[in-house]
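Quick heads-up: structures coming right below.
Consider the two complexes below, in which chain A is the common component and chain B and chain C are the respective partners.
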Partner chain A sequence: MKLFSLIENEVIKMIAKKRLMFVLAILIVLISVFAYGQNQTLIRTKAQLSQRLGITATNDWRKLAGQQLIDMKNRLDSPYMDQKSQASTRVRMEQLQYNLDNNINPLEQSAAKFTTKFMEQSIFLFLPLLIIMLAADMVSGESSSGTIKLLLVRNVPRWKILLSKYLTLIILEVMVVIFAFVLSALISGFFFGFGGWLAPVATGFKVLAGKLDSSSVLNVPQWQYSLMVYSLAFFVSFVVGSISLMISILVKSTAASIGIIMSTLVAGNFISYFLSDWKITRYMFMVNLRLTDYLSGSFQPIEGMNMIFSITVLLGWAIAAVVISFVYFTKQDILA
Partner chain B sequence: MIKKSMWYSILTIASVGFIVLAMGFYQAIMVTTAVNPQPPAKAPLTPVPVGSTKLSSKTANSFQLLILGDSIAKGTGDEKGQGFSSYLPESFKNDTSKEILVNNAGIDGLESLGLLEQLQTKRLDKTISDADFILVSIGGNDVKSILSLNDLAKEDQFKLRQDSYLANLKQTLKVLRTANPNAIVIFLGLYNPYEIVSNVENTRLLNTWNYNTQQLVEEDGKGIFIPTHDLLKFNIGRYIAKDGLHPNSAGYQALSNRISKSIETIVTGL
Partner chain C sequence: MSNTAVLELTDLWKTIKGKEIVKGVNLTLYPSQIFGFLGPNGAGKTTTIRMIVGLIKPTKGSVTICGHSVAHDFVKALSNVGCIIESPDMYKYLTGMENLLQFAAMDKTISQQRIKDVVEMVGLQHRVNDKVSTYSLGMRQRLGIAQAIMSKPKLLILDEPTNGLDPAGMTEFRNLIRKLAYEEGMTVFVSSHLLLEIQQMCDVVSIIKQGSVIKTINVQDILHDDRIEWQVDDPENAIALLKKHWNIEAVQLKKNTISANLSQNPLDKINELFIREGIALTYCSTKQNTLEDLFLDLTEGDEIV
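And then the complex of A and B:
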């Protein structure tokens, strides 16, 4: 049997099991809640701001932005200005200038901003959980229902079966990431308007000697920034998917495999407290999932941890998981 | 057959998606690791506001004012982009016929440690020793971050910050005096830009801070502490800029008037 039709078979199986539909439904509900919440925050922020500044509306943001631009220009002129902060001042100025030129209140949300933010918030827990839903019973589900025997008695090598499952998983991961993008762009569009894809966003932060270095910061358009965020999200789902698949092969029970990988992920959240003091923790995959933080520069800089480090660690885990999966799956005895 | 077409559309979407995501992934790695991702083009700069930064030399017919410290020294918030650099000389005009030369070395966001480091680089030593008046505004950024803490943590943090701030300030004044034993040091007190939403506790801490600063500054016979809290307390709407933190043009002018009144006789006598 050809690999292609094996994959087709697996994908249709996943659709028939309605797993993808569940993921879709969860995404719709959560994005709606999140978008509504953001909207409320926005309203409150505006109210607080106008109270603090003693003005009735935040519509006169142009004055404030113009003011800030003048200040920053003066700052750039100062011979006493720290060289390192010049890049970030310039980037900030470009953003403000864009806001002024296009008459966009920097306070306002947009679908583009929201879509990016949603994935930045989901990448370390919510997205992995969705992937686990798909990956965790691909093999163990067949073990517990006994269909694995039917699958394996056919005249197909075992590695081919696993490979087809693996490629199916990758297809589904791409679908989930695309769904997440399209849904959050659509749903948030109803709250905040569909625009904002060309606004400049600052990125390009680095960690030098344990400090956040912003000397090479630059602006990229929002759509490109979103693309990078969602690509990193796909990479994360690929890694989490590989690991879940391995666990699903090893423990043979869907409930147990979901439990194991979920508790590992949650544990990652509190293990990250020890990151700076306890070196070995940084080699765990759970603490390296927040790849998007390297883009936005919103992380606690830790010596030795950067984008390349995290990606290498994650890739290492994924490769190890794939190797173990294939070795174990081709060698194991199928009882049950 | 529905399943067949669904499968093909899924396959197409997934393949295209995969390629796009792979490109994005490559970009993400490049942008965070590239050694120098094309330094942004130098933004066009507007002409420097009057007398703000030029290093001027001293003559018999002039006196020099050096402005040191944070964004308030720099003049941030003034919608006319002027700040003390131009309002202070203006208000001195009535008291003296001499020319007033201003050097402004204010840096936005500077904390007391930063000011001390700036002075220790010795780059400013010549300017300091030439100055007749030195206006210092520092401390606001030291204390700013503790405002959001809860009352218990605030008390502790405040003590820590204040101790290190006072130590830095002491050092700073020493450096100033070593370079120039005669200049009048004018020190601006702190105000509370969040007066409207603030509680009594914050006011108490602010007063403690200002009191201790005043004690330190006026240990020196030629130092004067200029309070700002009283001037701004009921005038937040009038004197604070749109950013809700810095004084606006009117605020800087009001403060300049107060400073010039305090040292009027000295200026006249020069």
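And then the complex of A and C:
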């Protein structure tokens, strides 16, 4: 039962530090800006369509989709296109065709669609940054302020102190993901209406050796697809949180630990582009964060990577981080 | 013996990065004792204290608190300890009370009433609901003591506790420590560089230098060991007279000053003798031995502050 009190302590500290409020504020601002921008783009696209082609996006979208299909087919024939973009173009064509076949208007926006899209765009950088804000000073903050001394001279074993911090972090991760979901569904609802949760979504496209494999395509309702996206988001938060906490333990200064984990993450975003031939990069956690892209099949960072591979790699990193954290935390001498 | 000891350090060693910081410290503390731990900077005081509370693992040797080994039975051993290690670092973004509640939550034996009592004991009742970031160093020191004594520990460890206290606060603090030791039966372990503080507060003092305890003494013993200083025109003769008549070993301090321990011999008779023998006595005073003299003597004038 003591563990519960310890977790309570950690939560009180987190709230008093105003970290959680800060994360929430960032989420609200960013989602609002993002939703507003989406809305503007949508209005402009519709205006352009009616101006140039004389069609309205709501009624004559089939005509437009047909045009887009032809465009993409032409582009595929171009000799300058590399294999990777060929594959993703094929996926997009397949999705568009699917939309046509099932009478799903891709131009229509909804809160459900926005909510899903928001997390798909956040999962590899924005969401991890929010988690880092919470995790990176959980231990290093106590080391640099000296309060770690007060914490570790109680009649509580060290592993229990760390476990309480770790569990608190997981609770916060769940909260951040839930807040991201609720806030984007609410805020975007004001722009696009609150519906769209039952609309069908095609998922399961795969690219095998540069060829599109549509044998395992599934038709799921939007809410279910959203749920999958946000579950993956939680998994990513958990992995990034575990690694951040480890760095927070190993590096005694908060600034240094935030710096290390952030630069690693940002580096991960271009490593997959520049070093995609270098096989070892696929075992780095930061190039495996775009899990949601496997759902839509639109993106493949490095040839040969798939959902199972990425999840395994990420899980490996998380387990290693937790083991290192606990061993180091329970054994270290507190000198400062 | 070991059953009644509150704290027992046995041949404690610590090597950090190839440097021997603590070299074989042995100490035994008994209930209701106020123990002073003195030493120049870098002598290994803080490292020793950190080993006692388990923040640092000893390279060799053991720490036993109330019969429980810190290395093997950390939780039981630390149940008997309250401490401030170096500066009283608190969560600055919480109030004093919130800080205390954090630590109370980690030990279920602490009641709400006890927290209230402790706050009053250290005199923080008017500021306890303010954020610690607004506290002065003295107030943070008081809060530090409050969290340390909250669980009614058998062993209270205070590392440089009077840092930042004003003279009135120091007197108050001294009285509080005495009260805790004699009324609540706590054994108090104080490390300080303020010699006068230790002298006024402690029963037993250990002096540590370069990682080893070089002397453990009863404070009362030094304080009662009174010395007399005379200023005379013929010091050699005076020393000879003291030796001849009273068997007192006197030393010449300065050109005309001699000093000796009287140990029960009558000063008036000695002075009478000096005058009778034609020695011009211009000045005579008793000089109490202080811990400082001893300390400087033992540490050979090393920097102490």
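Basically, the second predicted complex is superposed on the first by the 271 of 336 C-alpha atoms of A that agree within 3 Å, B and C clash if a C-alpha of one lies under 4 Å from a C-alpha of the other, contacts with A are read in each partner's own complex, and residues count from 1 in each chain.
Keep this in mind: contacts are C-beta pairs under 8 Å (C-beta built on N, C-alpha and C of every residue); 3 or more make two chains touch, one makes a residue touch a chain.
Worth saying up front: this structure is predicted, and the values here are computed from it rather than measured.
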Should A:V11 be classified as contacting the first partner (chain B), the second (chain C), both, or neither? first
Hey, is it chain B or chain C that touches more of chain A? B
Which partner chains sit in contact with A:F235 here, chain B, chain C, both or neither? Use first/second/both/neither. first
Figure out whether A:T147 sits in contact with chain B (first) or chain C (second), or with both, or with neither. second
Is A:V156 touching the first partner chain B, the second partner chain C, both, or neither of them? second
Quick check on the superposed pair: does A:L295 touch chain B, chain C, both, or neither? Answer first, second, both or neither. first
What is the contact status of A:K2 with respect to chain B (first) and chain C (second): first, second, both, or neither? second
On chain A, the footprints of chain B and chain C overlap at residues 8, 12
Using the touch definition up top, name the residues of chain A that touch chain B in the complex. 8, 11-12, 15, 49, 51-55, 60, 63-64, 66-68, 70-71, 73-82, 87, 90-91, 93-94, 170-171, 174-175, 177-178, 203-206, 216, 218-220, 224, 227-232, 234-235, 291, 294-295, 306-308, 311
Can you check the complex and tell me which residues of chain A touch chain C? 2, 5-6, 8-9, 12-13, 16-17, 145-147, 149-150, 152-157, 331, 333-335
For chain C, which residues are in contact with chain A within the complex? 16, 50, 53-57, 74-76, 78-79, 81, 83, 85-87, 89-94, 98, 102-103, 105-108, 147
Can you check the complex and tell me which residues of chain B touch chain A? 3, 6-7, 10-11, 13-14, 17-18, 20-25, 27-29, 31-40, 42-43, 45-46, 48-49, 52-53, 71, 74-77, 79, 81, 104-108, 118, 194, 196-197, 236-237, 241-244
